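First, the structure itself, so that you have it in front of you.
Read from first to last, the chains carry the letters A, B, C, D, E and F; within each, the first residue is number 1.
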Amino acid sequence: MKRLDLIFSERELDEMLKCLEKAEVPGYTVMKHVTGRGPERVVSEDMEFTGLGANAHVIVFCQEEILERIKNSVQPILNYYGGVAYISEANPL
Amino acid sequence: MNTSLILQNVLTPPVLFFFLGGLAVFLKSDLEIPSPLPKLFSLYLLLAIGFKGGLELHQSGFDGPVIPTILAAIIMSLLIPLICFFILRIKLNVFNSAAIAAAYGSISAVTFITAESFLYSQNIPFDGFMVAALAIMESPAIIVGLLLVKIAAPKERPAERVMKWREILHESMLNGSVYLLLGSLLIGFLTGAFNPSGVEKMQPFTGNLFYGVECFFLLDMGIVAAQRLPSLKKAGSFLIGFAVAMPLFNALIGVLVARALDLGPGNALLFVVLCASASYLAVPTAMRMTVPEAKSSYYISTTLGLTFPFNIVIGIPVYMGLVNRLIPATA
Amino acid sequence: MNTSLILQNVLTPPVLFFFLGGLAVFLKSDLEIPSPLPKLFSLYLLLAIGFKGGLELHQSGFDGPVIPTILAAIIMSLLIPLICFFILRIKLNVFNSAAIAAAYGSISAVTFITAESFLYSQNIPFDGFMVAALAIMESPAIIVGLLLVKIAAPKERPAERVMKWREILHESMLNGSVYLLLGSLLIGFLTGAFNPSGVEKMQPFTGNLFYGVECFFLLDMGIVAAQRLPSLKKAGSFLIGFAVAMPLFNALIGVLVARALDLGPGNALLFVVLCASASYLAVPTAMRMTVPEAKSSYYISTTLGLTFPFNIVIGIPVYMGLVNRLIPATA
Amino acid sequence: MKRLDLIFSERELDEMLKCLEKAEVPGYTVMKHVTGRGPERVVSEDMEFTGLGANAHVIVFCQEEILERIKNSVQPILNYYGGVAYISEANPL
Amino acid sequence: MNTSLILQNVLTPPVLFFFLGGLAVFLKSDLEIPSPLPKLFSLYLLLAIGFKGGLELHQSGFDGPVIPTILAAIIMSLLIPLICFFILRIKLNVFNSAAIAAAYGSISAVTFITAESFLYSQNIPFDGFMVAALAIMESPAIIVGLLLVKIAAPKERPAERVMKWREILHESMLNGSVYLLLGSLLIGFLTGAFNPSGVEKMQPFTGNLFYGVECFFLLDMGIVAAQRLPSLKKAGSFLIGFAVAMPLFNALIGVLVARALDLGPGNALLFVVLCASASYLAVPTAMRMTVPEAKSSYYISTTLGLTFPFNIVIGIPVYMGLVNRLIPATA
Amino acid sequence: MKRLDLIFSERELDEMLKCLEKAEVPGYTVMKHVTGRGPERVVSEDMEFTGLGANAHVIVFCQEEILERIKNSVQPILNYYGGVAYISEANPL
């Protein structure tokens, strides 16, 4: 099985989760209030109160074939708003 | 005379706590107000301003200067972003110009509050209905900003990103902070009209506590503003100049409009502060969602890193001086 | 008459803020009160209700209607879950039925507070010892719920999950919110008895601030309740009907008991509200731990998504109408 | 070495950590206030105040042999209360 | 007599809430005050103590006992860590000894507040300038602790970790809690001097609310302290003994100095409490950064797990008894 | 590509991020308020208010060659203050 790590701005979280649901992932895990730096932006904790929010880190454990579907819908969001997506191997305990 | 006003302004608790926060960053103290505590203060302040404003709007009614002032406020928040946009286009692209323009057309509630505190300490009266002007100036500026993007940059955006009216209205009216402010204003109004005992019972929370929470929040704002300064330096001297000169220019238009409206010195100062201040809550959030092409560090570092401190510390007393000079005290 | 009472109830700040929160969800505003701020309000409210209740219990002593009322409250919180359980078993399995039954046997502190605010605004007096009834009704309902599982579903559970008495008592008495409420009640009582100067110094915090924090919390509860509605729809029409009809039925029993107890209209309303309200703090937490077989979305969406708003907005004034009709005002 | 990711309700955290300690893990890392969706439940942030809590995400870096021990004690908890556990490869920097 | 004082102290809300928190841990209740809410209370208390202290310092001026008391406080916070260090070296290495010594030389603001509440409930007057002593005792103890490491352990550290004066001063003066306390003290002083209307408007926040927030925070401190007890057991009987005997010893020195300073009983108690209490905010943070070789569980479990509860519950009334015996009430 | 997981006390976060920047990582993600147990210390949430803070969990996705540079500067900090660093495989979606 695969593990997908998505990191992007919290403000796109709802849209992103809809993509995941459409791709019929078996489940997902969300960590909010995440900060970081990417090629374009620095996201820092002290700005959260403005509503700009922080990043979200979403983890999905799923079969490889689902990844294809996710890729098609998630990639445009990441390209437009920024954020990263990485895949690694993972197996159930 | 202005330096004495500046000194009197600087020596009030809100401004002193703002300094304390900023100084913490410069001295590299590890003082920190962790998230989401600043959000708590920010929500509280919006709720309390709105509620009090609604109450006072109920008391004052819609007679006299109320409607004209609110109309003038709306016009200012449509006009200022246009002026800003054309100035910003000298150096910046459409997206950045529109986003920053929207921020300067909109308002900063905390700057407004600090101006109110300043008026209190100077024993200058003002009216509660000014809060209605505050609440109403947020949305138009956002709409203008988004329209500017829609009109000026249709070709630079991918097809699926063409902005829809529905989206523009949603972002401008239903933004969390705009919504809470407007909603609390309405609730204050209704409570004043139908539930006088509720008014009294809210007072310890929305009234008495207000000044202290304001100070606490300004402590955090000092930290936040000081942390924005490095990215302001990166943004370059054009934006640095803009972040100081634009509020002064907007204040000047504001004071002339206030004079035309025949506002008293207290209300006039508040009107000027609405024109001169720039938004770092509603507008940046809306822009982040709808104009991701704009660099958020630009509209954040100018509004929060420079214009906000400038207004809080120097702007308010300077505008007061302006008001005193241009508006006869008998108004 | 009832519609006028409903209107009077709706136009108070707590209910208006509740609407503001709910509306935010329907309009898809991004207004949000991030975790753990709601927990802060919830802890504060429990602490303050408990403390004030303890103080007033000390003042009133244990004479007159105090002991009978508390006994009646305990009996109601044992009886109601049994009735609910048999009704719910028509459609649901043992686990779900027991969990929901326990929730409806227990109480909602915020509904209770809102009823108090309603009485204030109506100038109807009530007694502080009712808080003792509130505090004491949480645990018995949990015990009944867990006993129902223990008795009715022993074979459906794996051996290592057989429920122990120790665990049942622990979950029912030491649940965070029950514990804080009971503890603060005791502290209020002791402070009233031994430290009068402490009473006075607590007043600005536990007393004056209360109403405002209640409003703020109800803003959040509006958001939370509205977000539960979709899963309520999934739960089906049986549970939707249950979530409205059951409070009314429990209220009816409650008002008859209140009449038998000879309570005045204020205390009677509070008693009825205790019967009619359902728990979304203590009971769900306890059930999640001890009956994980029950679907949490069932007991959460019914209590929080429907029964809570129903009671807050319509229930309280309707129950007041009921009390006015069935209990002579001279009591 | 291996990396184990456990995601489950915060309310089982103490029990879970006891299992890990019994299996003599060299250490663990806990992230609370995590939300998500699994096959059975949606866990959302706005319900945290009720005490139902959110999920916890626990990471353990350990030798493969320890995983066997963990599996035996952790699996029943996950089966009963819900939650997921995945293993991947990881090596010290 | 002392037992009656202890009872009177125990039956005040702050101490009762502290017990409630501790008991929650022993009974394994799931009561919890999630992070960062305790930080909110802690920041609030520091801000409010500082502000009020600054105000009163402005009122009292620097005449009479003010300067001598502050000087004595500084000397105590330099002396006590030295004594502690030599006692601790009997069993512990240089790093642990220095870190614990610094903690006991410094102060606990919440212990100080609880002592103030105790004096209030006993109707014993005291002066606001004692807060200045509080604020000023944090840094010297940290400096002594770091100097002890610098002097006593230069060879045990890698070359790049040799401590620099700059770093020592930074950690001792710019630590978040020290900085906020000193800053608020200064702001209080300036506000008292230049902005009397600001004083009044801060009062509901920094004054009226204080006692309630103190209780809420002590509820959390009860939980935190009780959770430290297991690691205290691991730390061994030497440290357990130290955590009780040292405060008593320091109190004894303190009362003699207070007598020499001719302080009244209220001020004397506060002075003694400053000597007897140990820091769990500023010092641990500073030590974690600069002396990571020291085991944090040692300095945390002693100060927070034992010395703090001991002082809050038993220490304060015992020290009061000591003061009453050794200092003539006419002072 | 590689994924690096760093877990250490929040108080060293600034220093750590400076190391990462020096090593010219393309970006990083930070999760604060993390607790856990290591060979030496237990880090628990209830102590956060003291300013001792919790742990931070930093994730870096980067090319293998950057890891070498990170290692040299990060290792001494971890050795002195505690904390762990693990590498695994990860590929862009």
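Going forward, contacts are C-beta pairs under 8 Å (C-beta built on N, C-alpha and C of every residue); 3 or more make two chains touch, one makes a residue touch a chain.
Note that the structure is predicted; figures quoted are calculated from it, not measured.
Set against the C-alpha centre of subunit A, every other chain centre is closer than that of E.
Comparing the centres of all chains, each the average of its CA atoms, the largest separation from subunit B belongs to D. Distance between chain centres (mean CA atoms), subunit C to subunit F: 45 Å. Separating the CA-averaged centres of subunit C and subunit E is a span of 41 Å. In terms of their C-alpha centroids, the spacing between subunit A and subunit F amounts to 20 Å. Multi-chain contact residues of subunit E (touching two or more other chains) are listed as 30, 34-36, 39-40, 175-176, 204, 208-209, 285. In subunit F, the residues that reach two or more other chains under the touch definition are 31, 33, 45, 51, 88-89.
Against subunit A, in their complex, subunit F makes its touches with residues 1, 3, 26-33, 59, 61, 88-93.
Per the touch definition, subunit B reaches subunit A in the complex via residues 34-36, 38-39, 41-42, 158, 160-161, 175-177, 220, 223-224, 227, 231, 280-282, 284-285, 288-289, 292, 296-297, 300, 304. Interface residues of subunit A, counted against subunit F in their complex, comprise 4-5, 7, 31, 33-39, 45, 55, 57, 67, 70-71, 74-75, 84-89.
By the touch criterion stated above, subunit B contacts subunit C in their complex at residues 36, 39-40, 43-44, 47, 51, 170, 174-176, 179-180, 183-184, 187, 190-191, 194-195, 197-198, 201-202, 204-206, 208-209, 285.
Every residue of subunit A that touches subunit B in the complex is listed here, in rising order: 9, 11, 33, 41-42, 44-52, 54, 76, 80-82.
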